[in-house]
Amino acid sequence: MKFSLTDEQSLLRDSVRRFVSEEHDLNRQQEALRRDARFSDAHWNMFAELGWLYLMVPESAGGLGGSAEDATVIAEELGRGLVGAPFLSTAILGAALLGAGEPTPQRNELLSGLMEGRCRLALALEESASRYEVDAISTAAQASGDDEIVLNGQKVLVQDGADADAFIVSAIASSRGGGISHLALYVVPSSAAGVEIRRYRTIDGRWAADVSLNNVHLPSSALLIPSNRAREVLERALDHARIILASEALGAMEGALAMTADYLKGRTQFGRALASYQSLQHRLSDMFVKVENARSMLYRGLSMLDAEPDQRAAAVSATMVTINQAAEFVGSQAIQLHGGMGMAEEYPIGHFYKRLRVIGKSYGDLSWHMNRYTQMTPMVEMQGAA
Amino acid sequence: MDLKFSKEDEAFRMMVREFVRAAVPSDMALRTRQGFHSTKEDLQTWNRILFEKGWAAPHWPKEYGGTGWTPLQIYIFEEECAAADAPFLSYFGLRLLGPLIYTFGSDEQKAALLPPILSGETFWCQGFSEPSAGSDLASVKTTAVRDGNEWVINGQKIWTTEAHYADRMFCLARTDPTVPPQKGGLSIFLFDMNAPGISVRPIITIDEGHSVNEVFLDNVRIPADAVLGRVGDGWTQAKFLLSHERVSNAQVPRSKRDLELLKQIAAQERAGGQRIIDLPEVRQRIAELEIDLYGLEWSVLRELFNGHGAKSQPIASGLKILGSEIQQRLSTLLTDVLGPKGIVLYDEKEGSGDDLPGNAPSYVVGSTARQLFLRAASIYAGANEIQRTIIAKQVFNLSS
Amino acid sequence: MKFSLTDEQSLLRDSVRRFVSEEHDLNRQQEALRRDARFSDAHWNMFAELGWLYLMVPESAGGLGGSAEDATVIAEELGRGLVGAPFLSTAILGAALLGAGEPTPQRNELLSGLMEGRCRLALALEESASRYEVDAISTAAQASGDDEIVLNGQKVLVQDGADADAFIVSAIASSRGGGISHLALYVVPSSAAGVEIRRYRTIDGRWAADVSLNNVHLPSSALLIPSNRAREVLERALDHARIILASEALGAMEGALAMTADYLKGRTQFGRALASYQSLQHRLSDMFVKVENARSMLYRGLSMLDAEPDQRAAAVSATMVTINQAAEFVGSQAIQLHGGMGMAEEYPIGHFYKRLRVIGKSYGDLSWHMNRYTQMTPMVEMQGAA
Amino acid sequence: MDLKFSKEDEAFRMMVREFVRAAVPSDMALRTRQGFHSTKEDLQTWNRILFEKGWAAPHWPKEYGGTGWTPLQIYIFEEECAAADAPFLSYFGLRLLGPLIYTFGSDEQKAALLPPILSGETFWCQGFSEPSAGSDLASVKTTAVRDGNEWVINGQKIWTTEAHYADRMFCLARTDPTVPPQKGGLSIFLFDMNAPGISVRPIITIDEGHSVNEVFLDNVRIPADAVLGRVGDGWTQAKFLLSHERVSNAQVPRSKRDLELLKQIAAQERAGGQRIIDLPEVRQRIAELEIDLYGLEWSVLRELFNGHGAKSQPIASGLKILGSEIQQRLSTLLTDVLGPKGIVLYDEKEGSGDDLPGNAPSYVVGSTARQLFLRAASIYAGANEIQRTIIAKQVFNLSS
């Protein structure tokens, strides 16, 4: 066991930190996002040049085949800086799902585009009635002729969906002869005929989309993961993504905490530095304790990513429960300790809270994770090592 | 002890309910339900309706236009207004300045200023908070200097709610820099917002809404008689406000309505075919909120009957703490009930919501924005930490 | 509506306060309880002389026919002083249940004894498997011959049961011809043949008992409330008793809070009065807020005691949820703020906590009340006035 | 980063498990499970068993009798001991004084004092807290005055755990009243508890148990060389203890075992035919505790590998806060699971419990008493409020 970063991870962290401090400016980013409905191409190209988009692509497809630990190093720093890039959608989920597909020329081309920053991806899972349950969907994929697939359905709340070049879409695949229908994953270019995209902002200033699929005809190579393993591949990719998100949340919490401590030191009220009030000091301490505990649970989640699916699910949900609770406390108290200033949109601290709330409702929320945890945890058995 | 609503009270409730439910226009009710800051038009319209009924300021003494109702009746009235989704009338004229005027103002001020507040003709904003002051009124830096027949006011106010559509401001300023604020160095001035030298800069809050502002006062010249009551009484007047509005920060009528709406929404949202309201964890959170809200409501009822007792101020502080926490818990639970839709702002621009992002039903409009804005509930009107200090001081005689 | 005490209630409160300050001493009481397994006869006689045992007995039976409000005035002061009298068992539950029985000579004699302090009563409801559910019992009452009843069963955790002269026992009454069996209430003298009593202390220093009923033959007049109304009468009496208990808890919380504030003012640490530390000041404030809120819920509960049974049950459980949560917080923080001293048995503050914990597990606990509240509260309906 | 237990660690765990499970006598295991303070006999017996195996003080350096295990292996060992219901060895000699001696003691002290601690022959108690000091060691009032070849000690200690069966005490006293405690005015003395002038008064705690005491030191005369290390080093030595035992206050091995027992009991208790563990509210509370305990465990694992970093002390403070809260929540949830039976003390006198009050099953023994005693967990070893102040100071550089 070893908790310290490897030399490579330290270098990676330093490069992200350098990007955040030298290239990134929160206010400018939020304005540009609002204006362009799209994360800066210039910055995204830097992501590609710095190799961050290669990281999670399998070596066989020309990527670095990095570990989840590596990815958390990047995500944590992006979180600390509130960088609004489609990193999770493209470089984590996109890379994982494309990487799990058959190495067809189409897939390899997509992965090249992904790594070079030319192709942004978004995962279109959610539907009106699904509420984080990947199989509670009604989007249908129907074989048509010999080598065509027709998709019909309505995806909602597709994060980073507004500027995606292609969507990875979950749908129920009907075999021609009828029989049982199963979840499968498809790649749908956003430019395909019949794809209608409604773009809108989420509270963190990023953009999501509702994606209507109206008789979208695709070549059969659009099938990325067939139904015999789609569910398993998707659950695994989502659990990995959740842990990367946890790491982003951790960075955001640490950023908010540091900013809050600085603020308290610089302000006076009733003739004393705010930081000299014991009740505010103890609040900072409580925030610190929650953040450290969240980091511990991030590590625990990471350590279980290769475990059996049920154990992995329970461990990831345990991590996300902790992250969710810590994020709500740390984010809201960061605002509270800033007083009125914490409410101002032009001041950064509220953006931490809003990003943390979005993370807390992405790919599962507190109650979904708590529920999954209790379902995956046999309630009475001998407990071995955690 | 008599712990029941009397038959008269219940009859009064029915009388009020009948009028209010019929009187609130349905589009206005929808906007109120969405929980955004009311438009000036809605505030004026509803103020005018109540004014014509004689109910615009039930808590004022009858001689100034009040209704003569008991405190309990006033509370029932407010509850029925909230239940009918009536807008919450502008606070600053009716709840704050009005009482200041009829308590401290000259006869001329009473005659001139109270009627247009009552009718909704004049909207006021409150110039108390400053960038370096926050909850600490002793460090107000805005100055008012006498120059012949005028006062010249210089300074900066912040977090000024409704300054962008208020007609006038009541403004705390230092009139004597040689005297501590607590000892007569502060006064309250009343002036038009269109006076030369006043500029208003919007502060957009984290809900992307605009209800508060910065106000810059740059050599604003106002007549000598624009002081509320006597020069130097500003500290006393500001403290009066703190102890006067003891129960309104509890926000019980509104939270009761919000809880009702929350339950209706939780009965419509579904997960895997099950109503969200039927999930044990949600039921439990709703029940806990409901029980805590009952407690808050009965604390308000107790305080209505207590008058200004020794514990009145700390009780008010407790109501502020619990009331703000309940508002925050309620609005947060609502966004949680909405599940993944809780990441969308669903702000005013979404309108009444026929075709909402995320294919969401119309009841989502306002939910997320309000949750975010309500982070302010534990900050404004004296942050909750300050309320705890007030309690420690006044109940246990402990100083910091 | 009126929250202030009537003149009579003020006099009553003053008389209890006088008793507590002049006659009662916590350490002596706890020692005597430990020694005698019985609340002081001398003190109990004062309860009778001061009229507190007459209060809740119906006027028709020679009592004062007092209100629940009156009873809370007494209970609150007893709670503040941690007086360990069997007041609830005898003067509240005993008087209510006997008062609800047919006015037979036997019942009137019992009520006289109760009012004069000669007869202490205890309510024997709980059984191994019942966990606060009054009808989840197996104690059986069988008619035998023309005018005899035979009781068999095992009652546990009978509060104030160690020194009771008679028990009010819940049992399932079997009619002679079979048919459906229903709950009924019986009066069982503790001296009756076949009654076996095992006495033990509870954490508040009082005494409870397990009561075995082995073929206890009683005259038919032992039937106090027949099965056609036993359930209703019992539920009503219990709901009244719960609110009186809430009042006792409120007094105990106020007592603990006042004692804690005094302690903090009198002690120094790191060269400063403990009371000067803001974090401790704010803790006291939080305790104050919880106590005031608990008082409000006490009043709300009181106001609903005459409502329809379901509404009454929901309201009483709402009150008890609040009382339970406040009691755990106030009681445990009172110990915390006392530091090591709070852990010493010879110091009073821990006794507040222990009494509060017993109250929190008497006639329902937090989870039972929360459950009853949600069951009795239709989840979606228009809410009128509370 | 490598976040997995290695194969070697797992093999080590199995090796330890096999020995420990066989070595703990079953009656001793039952007593440990009940959670009362262990008897001196049990402590001696178990200490002797481990001593003979060479495992009595795995955390000591090998030269003094330690095992040479890695910190992770030591942690695994402690977890397996707790899982097997082995008694928790007396803390004061093995965890506190031992490290003090091999860090600060003279060679003679090391040779004379360490072996009997290791073997369990000598039991020590810690004389630090005083009636007016509590967590504030700077205000220690006990004095040690040199008189020829002896020191004369006068003062009073309080909350002294195991003083009633300890053979010896290590005792903080002021040796130079003219110098501040932090600057060399304090020293630690080592002496027999049966020295003339020492009297021990039991303090019964609210669980009605006896584990702590007052100790009166009345002209206790001890030899000149009974000082630990150098005269005047007491402050440094006391601070060393604070930073040395960074993870043990988290009490993770014990809480893991308690959680396991809680779940077993919740699966046996029933309400209306349903297992208590199947009630949604109980499941949720158990799940929350379990998740929080995982977090604490992994915080401990992180700290085992961190060594004494800059954040080591505040991390230890955080572990103390969370560890104590988890112990309190666990024991409280257990008494709640027991329902109405939770009002009975079920203390040691109940024995193994064939015929318990309330017709209760034997697993109730100790539950309520332990819940009460654990109110102390947030008080002792530096109250949680003090831990928060330490964090504020050391992480954020804020002083009070």
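Note that the chains are named A, B, C and D in the order they appear, and that numbering of residues resets to 1 at the start of each chain.
Methods note: a residue touches a chain if its C-beta (ideal position, glycine included) is under 8 Å from a C-beta of that chain, and two chains touch if they have at least 3 such contacts.
Bear in mind the structure is a predicted one, so any value in this text is a computation, not a measurement.
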Pair joined by the larger number of C-beta contacts - A-C, B-C: B-C
Farthest chain from chain B, going by the mean of C-alpha atoms per chain? D
Chain centre separation in whole Å, for chain D relative to chain B (CA means): 52
CA centroid of chain A to CA centroid of chain C, Å: 54
Distance between the CA centroids of chain B and chain C (whole Å) is 42
Using mean C-alpha positions as chain centres, tell me how far chain A is from chain B in Å, no decimals. 39
Enumerate the residues of chain B that touch no fewer than two other chains. 281, 284, 385, 388
Give the residues of chain A touching no fewer than two other chains, as numbers and ranges. 277-279, 282, 370
In their shared complex, chain A is touched by residues of chain B numbered 129, 132, 134-136, 138-139, 158-159, 203-206, 208, 212, 270-272, 279, 281-282, 328, 332, 335-336, 339-345, 357-359, 368, 372-373, 375-376, 378-380, 383-385, 388
Within the complex, which stretch of chain B touches chain C? 1-6, 9, 13, 72, 76, 79, 256, 259-260, 263-264, 267, 277-278, 283-284, 286-288, 290-292, 294-299, 301-302, 305-306, 314-315, 317-318, 321-322, 385, 387-389, 391-392, 395-396, 398-400
Along chain C, where are the residues that touch chain A in the complex? 277-279, 282
Contact residues on chain C for chain B in the complex? 1-6, 9, 69, 261, 264-265, 275-276, 278, 281-282, 284-286, 288-289, 292-297, 299-300, 302-303, 318, 321-322, 370, 373-374, 377, 379-380, 382-383, 385-386
Quick check: in the complex, which residue numbers of chain C touch chain D? 126, 128-129, 131-133, 136, 154, 156-157, 159, 198, 200-204, 208, 210, 268-271, 277, 279-280, 328, 332, 335-336, 339-340, 342-346, 350-351, 353-354, 357-358, 361-362, 365-368, 370-371
